[in-house]
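Letters A, B, C and D mark the chains as written, and numbering starts fresh at 1 in each.
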Amino acid sequence: MDRRDFLKFLGISSGTAMISSCGVDKANEKIIPYLIPPEQDVYPGKPVFYNTTCTECPANCGLSARVNEKVYDEVRGLFPTKAEGVKGHPINNGALCPRGQASLFRLYHPKRIQRPMMRDNDGNFRVATWQEAYAYVTTELQAAKEEKKDNLYFSGRTTGTLAGLIGRFCEEMGIERLPEFEIFSHANLRKANEIVFNQPEVPHYHIKDADFLLTIGADILETFVSPVSNAAQYGEAVKNENFTWYHLEPNLSMTGLKATTRLAVNPHSEIYFLAYLLHALSRSDIRKRRPSWAIMNMVPDPSAEEVSQKTGISAENLEHLVSAFFIAKRPLIITGGVSTAQPGGLEAALLTALIQAAMGMNDTVVDFAHSQNYEKVGSMLDVQELLERLRNKAVGVIFISRSNPVDDISANFNFVEELKNARLRVGMSDFMSASMQECDVVLPLSHSLESWGDAAPRKGIRNVIQPAIEPQYDTRTEGDVLLEIMRTASGQKQGPDYNQYLIEQWHSLYGESETVSLIENGYIEEPVSPLSIAVDTRSVESYLKNTDFSREVAAQPVLIITPSIRTYDGRSKVLPLLNEIPDPLTTVTYGEWVSVSAVAAKKMGLKDRDEIQISVENENLNYPVKVQNVLPENVYMVQRGLIYAIKTDIDSRSGEASWYLDNISATKTGAVIPLPILSGSMHEEGRGILSSHESVVEHSEHYNEKLKEEVDVEEERIYPKHPHKNYRWGMTINQDSCINCAACVAACYVENNIPVVGQKEQLQGREMSWIRIEPFVRDDRDIEFTLMLCQQCDNAPCEPVCPVYATYHNPEGLNVQVYNRCVGTRYCSNNCPYKVRRFNWFDHRLPKPWDKMYNPALSVRGRGIMEKCTFCVQRIRAAEDMAKDEDRLVRDGEVVTACQETCPTKAITFGNLMDDSSRVSQIARSDEAYRVLEELGTEPAIHYLRKKERKSEA
Amino acid sequence: MRSIDYNEQLEHEVLAALRKPNPWYWVALVICALLFGMGLTLWIYQMLKGMGVAGLNNPVGWGVYITDFVFWVGIAHSGTLISAVLFLFRAKFRNAFNRSAEAMTIFAVMTAGLFPLIHLGRSWFFYWLFPYPNQREIWVNFKSPLIWDVFSLGWVGSLRQWWHYNRLYIFLAAFATPLVISVHSVVSWDFAMSIIPGWHTTIFAPYFVAGAIFSGTAMVLTLVIPMRKIFRLEQYITLNHFEKISQVLLFTSLIVTYSYIVEFALAFYGDHQFEAAHFTYRLLGDYQPFYITMLICNSLIPLTLFFRKLRRSIVYLFILSIFVNIGMWLERFVIIVTSLAKDFDPYSWGLYTPTMVEVGITVGSFAMFFMFFLIFAKVLPVLSITELKEEASE
Amino acid sequence: MNKLQLKPVMLGIAAIVIGAVIVLIQNILIPESGGTFLLTLTFWVALIQGAVAVVAAADASAAKWITPLKRELLSFYPLILFIAILFLFLGLQMDVYPWIDKQNKWLNVPFFLVRNFLAMLVLYIVAHFYAKATLANSEGKGRWAIAYLFIYVTVQSLVAFDWVMSLAYPWVSTLFGGIFFMEAFYTGLVIAALIAAYYLRKEVEDPVSMSKVLRDTAVFTFGFALAWAGLFYAQFLVIWYGNIPEETSYLVIRMHHSPYMEIFYVSVFFLFILPFVGLIGRKAKISPNWVTLVAFIVLAGIVLERILFILPDASINPIAAVAEFILMGFLFLLFFASRDQFIKALEMSK
Amino acid sequence: MNEQLLFDDKNKFLQKLEELVKSGVSPRNIAVSTPYPVHEVEHILKTPPSPLRFFTLLGALFGLLFGAWFTSWTSINWPLIGGGKPIISVPAFVIVAFELTVLFGGVISFLGFLFLTRLPSVKSIISPEEYGNRFVIQIHSEEKK
């Protein structure tokens, strides 16, 4: 529809009318919801934002979708072109993780299921109509009942209204609702909390309030429960001068590398340390509430020597740690991830809970009142039970919704085979996942950006899910599907659709006005009743009675299947962007690999990309190697989601799936497998890039005094200094708070239409990222990261060499690239010491319909053109135009670059260096400030803040 | 009377070369033409697909194409020098090589001129490199070494055909000498103007000029020796001529070697970690074989020319000239690629391997060069008759 | 001038005396200003080695134009040894070098002195045999000429990189060596021109061939003025364009700050513009007086340039500098004047 | 009537030429044609230095000035900062100016040459053929006393 109609339509639109109209009702398919009267809001070409919820992982961050009006396929329409975090959202406060940034690639994914599918007589999928599907399913449900078989509802974690609806659905249809399935179910954690506090919950950790953080295995900055929230809080916490963070882990994680002190522990040995800590605690006088003697007596009391011998933590480090823990005012201890997903995981979690109780953390930093909504989530025990029932042919119709058990459940349970025993398998999903392949009826679900709904990630928070684009295919929301099936079953023609159902719910919960604000803000905070958390001594004792702590440390070497910041548990693997972006730690992009410690690699004579065979019992797995410094010698790492083929056990008590393969053997096969590893070298060789390097320190000091005492640069330099007009755009990157999560990288890709080139090109060394994370090994004990992007040099070596002025220094200090003028000599890139320029070796267009998400604010570069970061010049221009209209200069903080906007820890500051009062220029003047390769005299506009030196080394 | 006979005989024989048609000649010509065609096809393919069909990548933005460019420019200038410089120095042996050298120059310039276009990401906009008046008043960036190229290279070939007007010679020669030096200095500055270790060094200008004469002289030998045989010009292109030219070869080889030593040694002179790291890489790194070969071809083998015997052995000179051609091509390759492969930021290091497209286009360029030269050999007297008369009469 | 003729022995003694005086001045009167000594050394080392190099180059390229001046130019070759020995006394003033307190494998006092002294010693020996060969016009002169040029280039490069460039350690310019041996040759030519002009005015030798020589030397001087400009520019442009502070600092102080700035411009004027413009005309090249004038200006230019190289990094004592210059100049003339004496001796010696 | 002398040997030709000049025939009335340039002729006939040099000088100067002006003008015309270099970067422009100096120097001297020798003209092109490889002296007799 053309713009006039569009605006006319907006004129008559109003909140609730909108909502009802944006569902199945085909008449107003094109309707886009507005809540505020649109006339004031919508200007042609100016994007609008809808606050909704990110459904890429269970954390359910607030997601604000930027919708641009643009012409696609000769049709003017509104398309979500960028995902941002919802400002001030209690979980992610404006930030997103790389997965959230990439979620648009799911919305527009060409492989999405576009219409209902059913098996034909030969068992192949055929397109079906919804009515057909509904009728079939209802009859099958009926038939199954008659066969005395149980109909089951198996879904991923579900919260909010939908959870309720599913309940109602199951009741009415006589379906048994199974515990929800998440492979990262935190079963041990919840089990332990149940034993200790009668709270089978994943609590909410107030990291930002802690002055001492002790994390054991929990990769809080990557995937643990609610990573963005954790990261955001970490960003707050590090502002506190004496914030200390110890991280214990058997493997190597980016989280660990961010900790003040990272201590490697032998696999499965965490409990010794925790027991030691607990006793040390109860002996000392700082504890708030000592656990009962009975408990203390049942917990083994290892000596410091024993502990350091078992765990491999040196006695002195142990000493440091414990004393630091004790002097802390608000300590916080979190155990999770690799340390709970192991045979001794339950004990570890339990001891942790006891320590938390003893230190009185439950009143402050460990918050059960706002615990994450995991109560409906089951564990592998439930899966086992399900398998049992399938085996006994006791299952009729089984609904599999929003989950991919076939891939997630370790192969040794052969879920696939057992699933065949059900009478009918009804799948609900947006993708033809392995699980959907096993179903008879596949009902396509709308993406969360196409549908209405809500979510309650943790107690006290309700997120709205609202459409930013009308459904692109013949898909439904799960809510609508359930309602329809119920209606079909009950034979009634008309009934409320899910939207109306939602509104009723919301109205009954919050009332009219609150509902509107819920939709406007994207979330609402509900009051929660405070809980008094106390140790249930009896249950703890009864548990401890039949527990054997004398668990042996894992037989090494071990293989650890870690979650991945790029794919979570594997569900985001389908998003090409997340394959294109390197894994920050290894810089590997496409493909599967196993990380082998440098030491082991040396012994086996392994180089990157050499293939090794990992054998355990009679299982063999072959993968290319990525040599990983700092990783303990006998630990091998693979990432879940990249690799499914690994068979792991479960904890029979809690149902936690183990992440370990103990006692493996690794041998070099001699083959070499092409694996795109983007880092040319992990060793910085003191080149003045790492903040820890002396020359950097030196230079930064020189630079700072230059700034402070206004040393006359003319005296030193051969060129006269050139003037800037009003603005000298600059950036600071705080390496202390930067967690290298690569969210900025993903954001940059989406904002700037950066091509996704794929594996073949990357193997050639032709990645296109404008901003990248560079890991560098620092004296083999630590890995430091640097964020590298165009430094917008004042004396940029790339500029003068361009024969056609395609790149030059604009009056605002930007090193701009004129795409239309570029002839592609590539001299600029050759001459860039930071190598941040990217050349289009081919025409890289996103295949349809991915190209719907192109940002209309800037062009898509064709072949033979050099491109690069320009500090999101389109955003700068927008701000400047607005300022111009209001006849003023751009205010500090008015321009927000894509990388800055999405940064969970707010490590990036952007602004005008010419304005001394701006935050960026103040930070740039701080003593930590330094610039990369200062000695080249390129006068970069990006200032890095030196990482604070670590107090003690592991 | 002697002089008359000589002159007539001279004319007769030299011009005879123009008439004799020889089957092998045609075979050679056809092969060259075909290969040349292949090169063009590949170029078109590259334009349609994108630069990516070449092996270039992120750190290594320049490779074989620029190598070829510098190589051919080098050869072009030797021609100019042989006719101009030697004229200024009244070096009579020049005459024997003059025509071939001049022809070579024209063809080499034509070939060289193609590569800056071939290596452009958007060849079809090549004309943006020229400062033509346009209504948007966008001019070129005269600060860019690549533009200096345009200016210095644009017309080098054009003066040639005038040069047999002997009276003008002195003037043109007087211009040609600084011209050649300046042009090749400019080519060297395509690299030296950058700040990349291995490129950014002050000695580059004289170093490249010497290199140009070196490789060009070698190419002259490569061409003249067979030609002398085929057209039976032994009487006019004598061993003395060859001895002289091979002395030039030796001399320039020594200058080039001096530059190798200096640039390498000074990398370790101060505490310049980037320079030091780079030259260590050049010597021990991934491209070591090329570097070593280059040293052998350009520095070691030519030393044998200290022996008069070898200076006067046509066969030996021919083989040597081939080695030098290879060596000088490799020199440019090593300078360009190793410097880019590992520069300041270790994260962005990467290697470069040429693709068949690049190889094909390079072969095509050689084919083009030889094709034109073959045609020349049939169409024009290969020796400058007037000049030989002049020489003989003294 | 003929009164000055001395026997080789006397020459030797004169040399020793003068050398001793210079060393005394340096180490007793102005021990702190090593720059002065360095100035003297760097200037005369160019003059003397360059003069011989000109002849050698002509021989190596089988050119005949210089023949009439062979004896004259070769008469300075013993001074190569003199400079070599004099250089050893720089060892007493090594503190002019900034690297003195952080010496490395290449830059350390003993090696510094040894390698330079040895190089010059070898150069002297070769020069000796070359002089013999070429005066006797024997077969081997060409080979000796080439040998001389080889070592000459090495020595001048060392002068550039060791004596002068390391004053600004760790500043580095790979072209520095080239500039130096080119300038030395330039100086040699100018000397040749001076001598030719001198003869023409005195009408000693036959004027026809002399005027030819004068014209050729003038032409070459003209050419080298261009070459000098070229090399200077090649070095300047690269550093200016690269704009790496560590490199530019060297130029900035010499080109943007008084008094070096003035010295710089004057020396460019003396070494390039004046000889270029001055010798472009046909008549100019054959007028003895004019050529003499230009030649002296070029020499002055070289001196100024050496000062420019040294002064910002090491102090120069003007009085001492002048004194040393006069002494060396005198010695220089002595050798020139008494050339017949020891060239005869040379031809005797078997 | 024009007197015409043909020689096969260069030296004879030169001798005769010298005699003629000595005998007072003004060089203006003598025209020589040789199969290749004989530099001695210039000495004997005392031909003044060719005015070509002035063309060369002119061309060179023009090239220099044009180069300097053009580079500067285009840069000021749309001033763009590149790498912090001054808008008018003399060191960089010198190169272009130099190249243009050489270019115009060369071209103008060639044009000058054509102008002076009245080339290309049919006569001058065919004349060598008339005498083959012989040396020719022509004396315009009507000027002769």
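Operating definition for what follows: contacts are C-beta pairs under 8 Å (C-beta built on N, C-alpha and C of every residue); 3 or more make two chains touch, one makes a residue touch a chain.
Bear in mind that the values here come from a model prediction, so they are computed numbers and not experimental data.
Comparing chain C-alpha centroids with the centroid of the full set of protein C-alpha atoms picks out B as the closest. If you compare B-D with C-D, the chain pair joined by more contacting C-beta pairs is B-D. With centres taken as mean Cα positions, chain D sits 30 Å from chain B. One simple way to say how far apart two chains are is to compare their mean CA positions; for chain C and chain D this gives 39 Å. Averaged C-alpha coordinates put the centre of chain A at 79 Å from the centre of chain D. Measuring from the averaged C-alpha position of chain B to that of chain C gives a distance of 35 Å.
Among the residues of chain D, those touching two or more other chains are numbered 80, 82-85, 89, 92, 95.
Residues of chain B found to touch two or more other chains are 138-141, 143, 147, 178, 189, 193-195.
Listed for chain A are residues 719, 795, 797, 800-802, 805, 936, each touching two or more other chains. Residue ranges of chain D in contact with chain C, taken from their complex: 49, 83-85, 91-92, 94-95. Within the complex formed with chain A, the residues of chain C that make contact are 239-241, 243-246, 248-249, 251-252, 255-256. Taken together, the chain B residues at the contact with chain C in this complex read 89, 178, 181, 185, 189, 192-195, 200-206, 258-259, 262-263, 266, 268-272, 275.
Residues of chain B that touch chain D in their complex: 1, 3-4, 7-8, 131, 137-143, 147-148, 151-152, 155, 159, 162, 165-168, 171-172, 175-176, 178-179, 182-183, 186, 189, 386-387, 389-390, 393. Across the interface of their complex, chain B is touched by residues 8-10, 35-37, 50, 52-53, 56, 70-71, 74-75, 77-78, 80, 82-83, 85, 89, 92-93, 95-96, 98-100, 102-103, 105-106, 109-110, 113, 117, 119, 133 of chain D.
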